[in-house]
Every structure is written in C-alpha cells, then in structure tokens.
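This report refers to the structure that appears directly beneath it.
Think of it as A, B, C and D in the order they're written, each chain with its own count starting at 1.
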Amino acid sequence: MSGSRKIDILTRVEGHGTVELLREGGKVTGARLNLFESPRFFEALLVGRRYDEVAEIACRICSICSTAHKVAALQAVEQALKLQVSRQTGLLRELAVQGGQIESHALQIFCLSLPDYLGTSGFSGLAAAFPKELNQGLRLKALGNMIQETVGGRAIHPFNLMLGGVGKVPQAERLRLIHGQLEALHDELAGVVGFVSGLPESLPPVSALPFLAASGGPPLFGDRLTASGGETVMATSAAAWLHERVEPGSNAKVSRFDGKKTFMVGPLARLKLSMPDQTSERATGALLSSSLLARAVELQQALDRAGILISCLLDEGVGQEPPVAATPASGVGTALMEAPRGTLLHSYVFDKGICTAADIITPTAINQAAMEISLQKLILLMNSAGYEEVRSSCERLIRCFDPCISCAVH
Amino acid sequence: MKRLRVAITGLTSCSGCQLALLNCEAELPQLLELVDFRFFPMACSPATLESDYDAALVEGCLSMPHEQELLLSLRKRSRYLVAVGTCAAWGGVAALKNDQDREQLRQQVYGTDSTAALETFSPLPLNAVVQVDATVTGCPPEKEELIGLLTGLLKGSLPTLISYPVCTECRMKETLCLLTERSALCLGPLTLGGCGALCPALGVPCEGCRGPVPEANLAEAMEIYLQKGYAQEAACERLRRFCPGWRA
Amino acid sequence: MKAGLPTSATITSVRKLTSDTTLFALRCDDPAAAGAPLPAVASFLPGQFLELSLPGIGEVPISYCGIPSSDGTIELCIRHVGHVTIPLQNAKPGDAVGLRGPFGLGFPLKSYENQDLLLIAGGLGMAPLRSLLLALLVERGQWGELTLLYGAREPGALLFLDELLYMSQSSDIRIYLAVDRRGSCLEGIPHCRAALLPALLDQVMLQPERTHAALCGPPIVYTPLVERLNQLGLADERIHLSLERRMKCGQGRCGHCAVGTYLCCTDGPVFNYAMLKGIEGALV
Amino acid sequence: MRYMEISKLQRLLDLLRQQGELHSPVLGDDGVTRFELLPPGKLPDLAAIRTQLPPKKYLLHPQETILTYQADAGYRVPLATVPAMILFGLHPCDLAGISYLDRIFLGDEPDQLYLSRRAALTLIGVSCTPDEFCSCRLYPSPLEAWYDLFFQQSVDGIAVSIGSPRGAELMKILDDVMEERELLLPEDTRCFFGRKIPLPPESELDQGLPEWQVLAGHCIGCGACSVCCPTCSCFDVLEFGGLDGSSAERLRRWDNCLFRSHAEVAGGMSFQKDRAQRFRYRYRHKYRGFGQVKGVPGCTGCGRCRAFCPAGLDLRALAGKLEGDAS
C-alpha cells in the first residue's frame, strides 16, 4: 500500500500549512511540507503606494513580527529617500524590536513549544498542569508587549513607529518602569534557561543545517548576511543571493542560495554566528532540537539588550522630537534585520515617492528548504516507527523552526 | 457554569486578531476557566473540527476555496459566527487591489509560469458568503473588545458594533485635532471608533483601520481634506487601505 | 438613589407565549413583611414601566404586563429581539435579575372614570394594555363600555389569546381580533378577521364625547389609527398612546427618549395625542 | 472691594493648593489648553479663551463605571471618597454649564456619583474677553453662573466677589494676599446670564428652513460639538460581565444625538432618521431643553462647538432666525 497522508493542519504555529507523509507498505518514506496559506500579494499591493504608506501596509504581513516588518520597511524606505533618522529614533526602534523578540520567544517557548515537552495540548493544557510555567511565560510575554506598546503605540501593527521618527516619544517615567520590570525578570530568566536545558530530548537527533544571519549592526540589525561557511553578502545583493523562486506545492517562495545551497535562519543560527562563546555548548550545538534552548538564551539576551537601550535613552535624555520630514524622492533601499524567526529583508524602489517595486524575503520562506530537508532526515532516523509517532515528531520538528507561514507566503 | 465552547481560526490574514487574544496575558488564566478553546490551531492541538461550537471567531477575509469550505463548516457547527477584525469585517489590507485583476497580481508575485495559488480570488469579507452574527472590527481589535466578546457570549449575548467615529473618542480624550490644527490627512471622522483614538492620541493621524462609520458624509469630508491640501484621489486611496468599498 | 439602583429579584415562573415571546413572573428578593407596603418597583400603574437588568449583559425598559399583586409578584411579557432580550430566552425560575422602577406616568385612570374605553393593541403592545385591561376589570363598575381591538401578524402571534377569550365570555367586554395573514387556525378563534388593525375600527360604534382610546403598538400603526379615530369624532385629548423610545436611565437624564420637549421616561410613555401633534419624529 | 495684585498669584495658588487638588486651564506641549492638575510652580493659562473639554469632565467622566454587580451583593454604586478639588479659572459660560448640569443630575433624586464629585468641588471663576466664536452676549440664558469665588481681571490685578458661604470661608484663608481697594469695574460678563426668554412654539423650528439641510450637508458627524459642549450630557449605558463569570460592571459613556444610533429602537428603527432631523433634535434640546431643563436654553455661549467643528458649522445665524436676536 502506498500513498500519502496529511497532518490535518499544522498547529501551534502561525499560519496555515501541512506536512504530507508519503507511505509505502505501512512505513513512512518521505514528507512534503505544504504551505497552502492564502497569498495576499503584498509585493504587488505595495506597488503604486506613496512612500509614507509602504511601512504601514507592509507591517500587516504578520502580527507576531509586525514590529520587525515595520522597522525593516521603514529603514528600507528611508534609505531609498535618503532620510537620516535621529539617534533617539534608532534606539527606540531597536528597543521595540527587542520587545517583539521577547514577546515572540515567550509565546513560542511557553505557549507553543513547551506543551510538546510536558505532554499537553497547548496553553490551556499548561494552565491546568503547569500553571507556574505558563504564568512565568505570560509575564515575560506581557513585558515584551509592554515594550512594544510603549514605543510602538500598540503591540501589533505599531503605528507610533513612523517614517522619519516616532509619533510620540515615550515618557522617561514609563521607560523607568519597564527597566524595573526587566531587572525583576532578569534573575528569573536564568531559571528559565536552566529549566529549558533540563527538558527531555523530544526529537531524534536531526542535525542542524548551515546557518545564516544578518550581521554588521547592533544585535538583530545588520547590513550584510553572514553564513556559517564564512560567506558574506552585502544587503544590496542579498536578494539576488537568496535567490527566491517558486516551487510546486507551496505558496511561499523557496530560497536555494546560489541556486543550490540550503541555510537555516533563526535563534540557533544567530547564536552560532554571533556569540559562540557566551552560550552553553548545547544551545549552539548542532542539533535542531536545541532551537528551543537557543530561543531561551536569546530571550535572556533580549532582556539584557532592552535594559541597555533604556539606560542609554534615559542617560541621553528622551524628549519629544518631530519625525524627519521626507520628500517624495526616487531611489532604491534595502534593509536587513533579524526578526524573531530569522533574517528578514525589505527592499523597495521609488519613483518620485511612489513605490514601483517591492521585494520582501522572510525568515520562514528562507527556512522552507531547511524544513523540507530536516523532515527527510527525521524520517530516515525514524525508519521503523509507526505513522502516529512520525506524524507527531514531524510536527515537533516543524515547531523547532517556529514557522510564521503568513510571513512566508505574504 | 458551563464553559463556552469556541472555535477560533484565521483565514487570509496576519493572525493579529488571534494574537491580540493571546496578548491578553493578564486575563488568559481566568479566561481559560470560562472558555473551552475547542478548535484553535494557532495555539492548541490537535486541530480537528468536531461536534458543535457555541461560537466561532473568525479572523481574516476569504480568498481561496479551502477557506470558504472551512468557513461554511464552522457556520454549520456554530450557534454564533463572529467576524473578528477588519479583514473579516471589510476585507482589510489584502483587499487593497480588489479593483485589479487577480491573476495579474498573482503573476506579478509568482511569475507567469507558476501554478502557485492558482485558486485565489479577490478577498471578500465574511458576510459576503455566510451570515455573520456579530462583528468586532479593528486591525487588530482591542483586547477589551475581545474579552468583552467572550464574556458576553458566555451569557448568550452578542456585542453591538460601535457606530460613532474615532473623532468622538479622540475628542473625549482631549487630544489635539490633527486634521484641523495640523492639516494632517486624518481619517478619524470616517472611521469606526472603539480603539480609543489610539493613533491621534500619540500624534499619528488615524489610518482608518477599523472600517467606515455608517452614514459617513464622504462628500463633506473630501471637501475638508481638499481644503487641507489633499487631492480627492489621495484621500480615497488612503480610505481604501482597509476597506475596498470606499468610493468618492 | 433608589431609582438609580436595581433591586435584586428572582424569576418565579416562565411561560412561553409564542416562539419569540415569553411571560415572566418575578418577585423582589427583599421579602415584604406581612402588612408592609409593596416594594416600590412592585407598586405601579398600568402603562408604567420598569428597567430590567440582566447582570453582565445590560438593562432594558419593559412595561408592566399585570397589575400589582399582594405578594409583590410582577408580570413581564418580553419579546426576544436583541442584546439583552435574547439571552432572556434561556432564563429559568430561580434566576436573578435586577429591577428599577416604576417609571413614567402610565394611563390616566382618573380621567377614564365613567367613560367608555377603547383599547387598541398591536403586536407586543398587548403587554401594557393587558395591565390596563386587568386593572379595568378589577373595578368593572367604574367604567362604561369596554372594547378591545387587538391585531397581530398571524394567529400564532396573538398573545394571551386564551385569557382574552375567557374574558370576553365572563366579563362585560367586547373583543375584536385581527391578523395580518390568514392562517389555518383562524377559524377556531371567534371575532377574528384577517385584516389590518385600523380596519377593526369599522366594527365599533363609539360615542366620541364619552370615549377614551388607549393605544399601544408598533410605531407604524399609530398614524392610521389616530387618523381613523379623529374621523370617528374622537378628540386628540382622548387618544392616549404609549410610545417606545430608547431609554438608558428612566430618570430623564440620558437624553435618548425626548419627543419634542417631552421626555418619554418621565412625561410619558403614555401621551395624549394633543401633546404629540405636530412634534417632529413623535409618530415616525 | 477685596483686591489682589497680580504679582501675588503664585502665592494665592499655593494657598489654594492647601485646600485641595488645584486644577486650572494649562496649555499643553501639544498646543491644547485643558483643565488639569496645576503643578506647583506652573502658572495657569488665564488668557486662554476656552479649554478643549469643558469642566463637565470632572463631574461626568467621559466613561465611568456607574454600578458594579456581585452575585451575592447585587448592584452597588461604586462610591469612592472624592478628594476636595478646586477648579480655578472657570469662565462664566463654564460656571453656567455646571449649574445646568446641576439641574439635571442633582434635584430630588441626585445622581450619587455626580453629587459626590460636585460636593467636593470649589468653583473659582475668572472673567474673560469673548472672541469671535463666543455667543454669551448674544443669547441670554436664565442659567446662573454660580460660583464660590469670582475673580474679575483688571489691568494689574484681580477683584474678588464671594458667591457662597464656602467662598466666604475660603476668602478668610486667602486674606493674606488681598487688600481693600475702591474700584470701578467694567460691566460684569456674568450679567449676560440670568434673563428668561419666552419659549417659541414648536412649529417655529420650521422644518422647511433650508438652513437645516445646509447644516446636515456639511456635518461630518464627528461628534466634537457635543463632546466639547459644557451642557451636552447625553450618555449611553453599557454593561460588561467580569472574568470570574459572575460579577459585572455597568458603564455610562458620553453620547451624541447627532448619531443615528441615539434614537434607534428594536429592529433598527430610528425616530430621527436623517441628519437634518437630528440637527433639529439637537437644536431643540440645546435651546429649548427637556426634562429637568425644559424651557432652559442650554447654550452658554462658550463657542466650543464652533471652534472645534472641522466643518466650521455655526448655529448662530439659525438661532437668530428661530429665537429672534436677543442683543
């Protein structure tokens, strides 16, 4: 008997996708990832819009990483229009992005992933069986949102982050409040990292793929791509190098670098590429399942970084300043940054202030090829396992990438 | 008390409305005692449609046949179907170019020789296909609205859509009017309130994310925008960002 | 303070009248000591209304449908149409609600003494008129001829039909019924025609100088009814209408129920037509 | 007459601060003048003609909980102790606005929340110079500009009148900064309130007047006019269940008769269908009153509705036509 069967729909991930398991003689022999999410054609929607609308629209690609999308889009547009924002704006944007990182990682670890390790169905299961862990996660998540709200005006689709600056600069009082909370949660996080590293292994030892991340800027920002093989590609040529193309069976484009190589992006890649010595062996280890720990480590880093940014802002004195005015110019702008799930690229062309071309490459689209390959590896490793066991392992494996399918398809 | 059995899902969307619910960190533990999230693929496993639901909360607009299938199935299984968010209520950003040929848009993104997303159609709000019992608008909706929706449903009542504009809430907050005092293209007068005038309160003009107010006086608003230096077409384009139905 | 604060009450019985209308009996939770006066909300006049609260959902104005009873029981007839009234569909005996009232002025019973009375109800308008009818029958000797005209969408929607049929046999009152659509069971109901409510007026002989008309029904029927009554010689002062408006406080503050410079909640809801005549928006 | 040199203002404010929370018009960084807490060292914006929101916001919050519900205790009014508060810098129109609200929310059965806040308020009026939006001199109103103290501004100082026993008490405390002076003051602006006007019959709101359609055509329904009016006090009531599944809260929120929903009843039917009709409703309410304020013109002439209307609507000409010019 041969055939295929879909995992009904991937759960505890953002967006719509399935994994199709191919079977032969009762055994699972292969797997296909299918991101069937409905496309919104953002790259086409943006064409024809005014420069001051592009980021507002583009951030709607995804809610969980809307802050990252917003900031990347703003930077790309500003680059195209040759707009220089103030240092304060830069710090605030960075802070918002770190807030997004905290929120997203806390959500992924405590609401979406942890249930796999603890044997429950989701956050509702956690609430019943592991209320302490859930509460801890929710507190971290709330803090991430508080940062995003303070800077962005709202946790999802942060309108206060505008072209050229911010609408209203947060009050020092409010920043101090956040700083206090960051400090209060800081010690707790060491516990979280310990807790996560003590969790039982949940997957067969599927090795990670070569890594890729943005670098050359403050944490999560950069102007170039760096790969674990040592390759470096500047932002302006990144899109060509990432080489997105359409493949059958997915509404998300797939990146085959140079037409062949496969990389993975995300927390594991970032840790491996940017701070190999500071973290535990296991977090940067070569196994895919270390992703969860990598996320926990990054959570800690994000808290630290947010604290530093706030101190900087307070030391330098936050104050209201009007956004830098833009003129409807012509030009090209490309911004790279690290969204919670990995490298994100926004690139726009403007003609007298009107967008004439848009290219957006998202982490989950980049990871797509890596997910496919990892699925194959997993199935080989699980050679003799039954369907149900393979199925649930496949879902766990996909969750290691914390895919954001709306982003991938956009 | 009997827990409320709900199904929550997203169609063509960014998952922001669902995330807005998951962002109710302070309330989630208590909410879990009142609400049984039966079908909520974004946050709970497994995602199998089974039995009936007291209410289905649906985010996003419709743009592919598989979504229509899911929506019809949820409609059949649920006592109440609630459109959550601007996309579900009005079409949202995804419907930005509904006046253009869908196939052309598809080719613009995927190229002429691909078969990806062949079945896509111009995004529709939910009420174009099913009966919608209540609407919570917003991109995304406010937390309080979602909590209110759930506590109301628990008692068998549906929320009523706020019908006054953002300006009213903006004025209640005593913030500076960006339209009259700063000549900004603020869509507050034409946009449904309920957000507490979040944007204008921070000095950012309302971008119209909650959809049109009933009885909008578009002609007069256009007149005012024109006085402030905005061409009708520019103002209309801005209006259509979240609701393709706007026509001047 | 009293009028602004709901007192808690308990539903004591529930009777489905039609598919979308239910008759509730309620009792205030503060037990009235023997011989003590009725709680304020349980002591009222026909045509007055109360505000009924469903905790966590909201409050709606509802007319008293019965007459004050010695044990403080209050009867309310409620159509399930929206936000508050639909959840009431699931209410059971024992459920807690809040009550405020009585509000409004009700029907001017004093001026009805020794007069002929013509009651005209459309649809749910039967609820407050039932209260009036019951009050009139208690002291049947006080009034002249009693006539009730009552119309509904279809036979199944005629409220209190059994009660009305019993009254028409046992008391000195004439009852004429009308339904908009001819239905199968129409034949079984005496004095019932397939007609619009105003047409029933063709059946009655009235002495305009000694008759008062009391009307309650959907807004659209008022204008034709008043016109017809005027034609029959009834003066505007003798035509009393109960108006429905949105009301949020019952105390003349929320500003929703104004009719001209009157307020429905404190100056009404029962008005004589002379007061309303010429006011824009009074009768649709 | 008691008189204070303007140089002593700061000292006066410090004395007032000892008597309660001191609120007055303050010009914000964003260019909006609001009534708000006056921090020590800061001077009130006494030159401002009008704050964006009138002082009604202190008595009737834009949105507030009016009842709480607990399954075992039923509904309760959430009465909290209100700290003593001094509103300094109220113009006569705003004082008149408060006395109008008093008629609605006090009386035989006072609104408990309103009463508790009103009782905690000390009202200190200040004279002003009307601008082109003001109409206080145009349409006399029987409303009294009721105050505890009234400060009449002159070139280099302020002359004080006492309007209540509370004002007299307060004056004793302020006596430090006062002196006695013989003054000839210009005509008191307050006297423009206090005249009764006859109510024209209903038909005079001539539905056929083209002005109604013009107003309706220009109004974008933003609600600013009602929100900012010192006497508009319509409210909507909402109730929400608590997260424990049994408690509840009832709120009231400012409403506006220019919105269609204001007059809607079951079935979506509305008694004020079109905007022109709703304008007449608003006019009738504002200039003729109903309920506790029947026959009391509710326009105090503060000019806010004109100053803040994005469409620049102005009812003065129409009012002149309907009521007859009173000047």
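The rule we apply is simple: contacts are C-beta pairs under 8 Å (C-beta built on N, C-alpha and C of every residue); 3 or more make two chains touch, one makes a residue touch a chain.
The structure presented is a predicted model; accordingly, all values stated were derived computationally and were not measured.
Report the chain whose CA-based centre is farthest from the CA-based centre of chain A.
So the chain farthest away from chain A turns out to be C.
Would you say C-D or A-B is joined by more C-beta pairs in contact?
A-B
Which chain wins if you rank chains by how close their C-alpha centre is to the centre of all protein C-alpha atoms?
Checking distances from each chain centre to the full centroid gives B.
Please work out the Cα centroid separation of chain A and chain B, and write it as a whole number of Å.
24
How far is the middle of chain B from the middle of chain C, if each middle is the mean of its Cα atoms, in Å?
Each chain's C-alpha centroid was found; their separation is 41 Å.
Please report how many Å separate the Cα centroid of chain A from that of chain C, as a whole number.
Once rounded, the distance between the two centres reads 63 Å.
Considering chain C alone, which of its residues make contact with at least two other chains?
In chain C, residues 56-58 touch at least two other chains, as defined above.
For chain D, which residues are shared contacts with two or more other chains?
Chain D, residues with two or more chain partners: 240-242, 246.
Which positions in chain B touch two or more other chains at once?
151-152, 155, 203
Could you classify the connectivity of these chains, where an edge means two chains touch, as line, ring, star, complete or other?
Shape of the chain contacts: other, as it matches none of the listed patterns.
Among the chains present, which pairs are found to touch?
A-B, B-C, B-D, C-D
If we count contacts the way the header does, which residues on chain B are in touch with chain A in the complex?
Per the touch definition, chain B meets chain A at residues 10-20, 22-23, 25-26, 28-29, 32, 36-37, 40-48, 63-64, 66-67, 92-94, 96-97, 105-106, 108-111, 114-117, 120, 123, 139-140, 198-199, 202-204, 207, 209, 234, 237-238, 241.
What residues on chain C touch chain D, complex-wise?
1-8, 29, 53, 55-59, 79, 81-82, 96, 98, 219, 244-246, 248-249, 251-256, 258-263, 266-267, 278-281, 284
Which residues of chain B touch chain D once you look at their complex with the stated criterion?
1, 27, 30-31, 33-34, 147-148, 151-152, 154-155, 163-165, 167-168, 171-177, 179-181, 188-190, 203, 213-217, 219-221, 224
What residues of chain D sit close enough to touch chain C in their complex?
Chain D residues touching chain C: 66-67, 69, 71, 74-77, 104-105, 109, 111-112, 202-203, 205, 207, 233-242, 246-248, 250, 252, 255, 257, 262-267, 269, 271-272, 277, 280-281, 284-285, 288-292, 294-295.
Across the complex, what residues on chain D touch chain B?
Interface residues on the chain D side: 30-32, 34, 52-53, 57, 62-63, 217-224, 227-228, 240-246, 254, 256, 259-261, 275, 308, 310-311.
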